[in-house]
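Since the structure comes first, as structure tokens, the remarks are kept for the end.
The chains carry the letters A, B, C, D, E and F, assigned in the order they are written, with residues numbered from 1 in each.
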Amino acid sequence: MPYVNIKITNENVTPEKKAQLIAGATQLLVDVLGKNPATTVVVIDEVDTDNWGIAGETVTERRKAGK
Amino acid sequence: MPYVNIKITNENVTPEKKAQLIAGATQLLVDVLGKNPATTVVVIDEVDTDNWGIAGETVTERRKAGK
Amino acid sequence: MPYVNIKITNENVTPEKKAQLIAGATQLLVDVLGKNPATTVVVIDEVDTDNWGIAGETVTERRKAGK
Amino acid sequence: MPYVNIKITNENVTPEKKAQLIAGATQLLVDVLGKNPATTVVVIDEVDTDNWGIAGETVTERRKAGK
Amino acid sequence: MPYVNIKITNENVTPEKKAQLIAGATQLLVDVLGKNPATTVVVIDEVDTDNWGIAGETVTERRKAGK
Amino acid sequence: MPYVNIKITNENVTPEKKAQLIAGATQLLVDVLGKNPATTVVVIDEVDTDNWGIAGETVTERRKAGK
């Protein structure tokens, strides 16, 4: 019954990678807490680099600055 | 003052259906808890089927498999 | 498969009222979008009135001021 | 280490405005709580006006009605 | 820089189990997407069984019914 | 109409500090985007240090290690 939300920057993540994140997060809940995978939900949000900030600046700006 | 977030898969939900979800969720808070509709906020997130997982696999895969 | 999150202030909401919110939100998704209730998840967050703000002030302050 | 999520309607917010929101929210956590900006994350979600409801109706409908 | 939120029912999860969830979710992002663990944030929300619903009823009710 | 969610570790944040966060976040939306403060909502979540992870470990562990 767990619900997992993964937020990452939107930078060409393939459907295969997303499927791996979903399978891996579900298995983690099974392994650590014995949760039922049938009702484990995982939602991935891909966030534009203009809309993600860390250290007070956008990821877009950080990428330009080579950070 | 309540805040309701509804996450659904992105599968051609019409503006009319969204308006019904918003009206219905707002009314629910009025009916059950007597909340003020004027400050009740509802946000709908439509999530790509590649980005939604249940039972360890993406909804895209499940649809292909006829689940 | 929908996921609904309802945030309300923490003000003595009974288990019966919570059960009504969960039943009502699930039925809304069934009625409007034909979703499967078996995999519809509803999570209620109760937020302390010190931690909820509207119009730039906390709900605690607003209640004291009779708003 | 704080995490801030800002949800706004999707109405032509420029990258410069987004950068100001990120800088401002980060500074707020520094000023009020002495948090470390280096690990302060801000994520902005832009929500379609069809998907945002207040007072039981969508923002799209409200804009049409001149509200 | 990813942000992961794990919501589970509040049922005596030990600090050791929580540490395993945090380590595992962080490693998943490193393994699948090559993310930097230093800025990967994981937040676990423990939700009362009265506040979590699936299939239209609370987990509290489901546990009583032996589901 | 914006919605802001601020997640911080649960470490004796006073009601006064919370009121400052709410006032400051609301003002930020007014200043940068011209939003209406009357319908701007801010919700603060205080998260136990056992439940917050960064760099693959809990904040509880990091505090013990003097990080």
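Here is the rule we use: a residue touches a chain if its C-beta (ideal position, glycine included) is under 8 Å from a C-beta of that chain, and two chains touch if they have at least 3 such contacts.
The chain lineup, named per UniProt: A, B, C, D, E, F = Tautomerase.
Note that the structure is predicted; figures quoted are calculated from it, not measured.
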From the options C-E, D-E or D-F, the pair that copies A-C, where over half of the contact pairs coincide: D-E
Chain located farthest away, centre of chain E (Tautomerase) as origin (C-alpha): D
Comparison of A-E and D-E (more C-beta pairs in contact): A-E
Separation of mean Cα positions, chain D (Tautomerase) and chain A (Tautomerase) [Å, integer]: 20
Shared-contact residues (touching 2 or more other chains) in chain B (Tautomerase): 1, 3, 7, 21, 25, 39, 41, 43, 52, 54
Chain contact topology (line, ring, star, complete or other): other
Interfacial residue positions of chain B (Tautomerase) with respect to chain A (Tautomerase) in the complex: 7, 47, 50-58, 60-61
Residues of chain D (Tautomerase) touching chain F (Tautomerase) in the complex: 1-9, 13, 17, 20-21, 24-25, 28-29, 31-33, 35, 39, 52, 54, 59
Touch list for chain D (Tautomerase) against partner chain E (Tautomerase), complex: 1, 3, 39, 41, 43
In the complex with chain A (Tautomerase), residue positions of chain D (Tautomerase) that touch it: 15, 18-19, 21-23, 25-27, 37-46
